[in-house]
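Below are two complexes that have chain A in common, paired first with chain B and then with chain C.
What follows is the complex of A and B.
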């Protein structure tokens, strides 16, 4: 078993700040200086997000193997659920579960929508998708390697059910970017 | 041989001085790494009014927990009432050590077990001295 954050209070605050900044400025890439040494295949940034946000009240779903689940369970105390649609937080280390199958909250309580953390190959700002929406002055570009081919279509369907929907955190090694449900993605080159 | 719950109960009730003595007796200590803590939190103490009373929340007490791992991956845990961080880490380290070598537990923790047994007996004696026997009078004819 590996330890969690080196400094549980300050490192968790730094991770929280990074997620907040990423959500407020969708598509910008945040780097985590003090990410925990998570067991493979969990990326350090994904581990930091979970350790900062998940607790005993947030049902968790992950496709990570048993040893990695044990590490998450020990450090967060979050209960695991077998069905993705029951989870408040989801960590996808390989294939992304379909967005339509996740908890989207309700019109009265949109905050109950799930947050999906997806580990991707790379995040490259300045190229690829054109992102727009609240938090982006004009447009922002981000290339993401490792999302399914039909992701833009899935995302459009997710954005269409606003205020319900799923929020996304993309993690690559120690970098993370967030796609809140208000974000619009255009594929033009 | 002591079971792990028994061992953890002894380590949780031991004083900081007793833990330091046990650490000295267990020397040389292998290097260890902190997994979590030592960190202080609160736990709710629950009580019961009498043997068949409903449980109620008595109040909260401070609790220190710590988990450590040895180089070979053995994990030791400690949860102790109070705020003695150093003692919690020592208890966790002793638990990890004894998890790797359970046969040493009895000898290492004997002073703690003896002190606790003596205290329990003294308490039982004091309580027994106050016992009042109610004799039931048989119905007189």
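What follows is the complex of A and C.
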């Protein structure tokens, strides 16, 4: 079994701060200095987010193969669920599950909406989509390689049911960005 | 008595499992920043959802802290969950760094997390506060953590918690608007010089905690991340950077923050928020800045200019 965080306390804190920073400033790309060496196909940044935030209280869904699931289970204790709509955390290492099928919470408890971690090919700040919303002074630009072609439409539908909704963490190697449900995406025209 | 920090069993001892990253001065008998890791994870998850849903109160399973409620246990739990070894912590109580409350909290984190502490707003990365927002504009690399005694902005108007949850879900804030209208009709102005409710990102009504109305405009589009922790009520909420925050008001009675019409008796500032201090038992009084760091800075500037 590969190890998790080299320093479980301080590395979890650093990973959390990276996710918090990403969620508070959508479109910025955060790099993780101390991400664990997770088994493929789990990206180091995705592994760090799971180890920092998932535990026995967070039902988890993933498309990752058996060996990778074993590593996650060993280091987080999170129970796996087969149905994406039952998960509090989801890790998609290949195709992103449709956002409409995930837990969105209720109008009274929107915080029960899921957090979806999607592994993508690349995150390039300064190019691509024009992002606006809370956390952004004017606009951030971010190009994401590897999301489904209809992602902007799925995201618009997710934002339209606010305060219900799903929040997204995008992971590429040791880098991550986050899309809180308040984020608005304009495609480059 | 042996000094635990310098004991040979300390974190850097030969054979220690983890690489040494303990900052100097941390007491290794505590987990980093006191809280256990499971509690931090739970609070961290709540903080992330609070950021994703600006102004919405997220319930969390508060833990017993070694300080009584009213000492900022909610703020302390938020601070403990975000703090890292390279942070520089400032703690203020009504603007002052030197009250018993502020000093205790600062010492608590210096001992349990080994973090550097400061009284200077400009040097801090994390500022825990009770009842004020610093005068010096905050930066993107700073986080302000508010201690909140009562997170529910509707609690005086609707005592049933289940009903307030329903009203927030519907964004039905007519109770608060009627109350404000009545205050203005009776007194010509809003009765709430403290804790005046705000609308966050045009959606959630939020208690800014008992800050003076003078500070409310600082909540609007602040470059810093603002986190709020209520220990007794077990709620966390947040305002992300640059998020629009509007004090509840009416077009014909716009919200007007108040400040005592005096210069500070110590630094001469005509812009800082002032506290009135009674100086003797014959009714003598003076007005001084509530923000002790901003006052000292302004007094230093005034002294240098002379």
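Assume the second predicted complex is superposed on the first by the 188 of 189 C-alpha atoms of A that agree within 3 Å, B and C clash if a C-alpha of one lies under 4 Å from a C-alpha of the other, contacts with A are read in each partner's own complex, and residues count from 1 in each chain.
Methods note: a contact is a pair of C-beta atoms (placed from the backbone, for glycine too) under 8 Å apart; a residue touches a chain by one contact, two chains touch by 3 or more.
Note that the structure is a prediction, hence the values are computed from the model and not measured.
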item: Which of chain B and chain C A:110 touches, first, second, both or neither; value: second
item: Partner chain(s) touched by A:135 [first = chain B, second = chain C, both, neither]; value: second
item: Touching partner for A:8 - first (chain B), second (chain C), both, neither; value: both
item: Touching partner for A:75 - first (chain B), second (chain C), both, neither; value: first
item: Partner chain in contact with A:37 - chain B first, chain C second, else both or neither; value: neither
item: First, second, both or neither for A:187, with chain B first and chain C second; value: neither
item: Chain B versus chain C as contact partner of A:25, first or second or both or neither; value: second
item: More chain A residues in contact - chain B or chain C; value: C
item: Intersection of chain A interface sets (partners chain B, chain C); value: 8
item: Touching residues (chain side chain C, partner chain A) in the complex; value: 18-19, 21, 31-32, 37-38, 40-42, 44-54, 56, 58-59, 81-85, 140, 165-166, 168-170, 201, 203-204, 221, 223, 225, 239-243
item: In the complex with chain B, residue positions of chain A that touch it; value: 1-4, 8, 74-75
item: Complex contact set, residues of chain B against chain A; value: 33-36, 39, 67, 69, 73, 75
item: Footprint of chain C on chain A - complex, ascending; value: 6-10, 12-14, 16-17, 19-20, 23-25, 52-55, 57-58, 106-111, 113, 115, 134-137, 162-163, 165, 167, 180-182
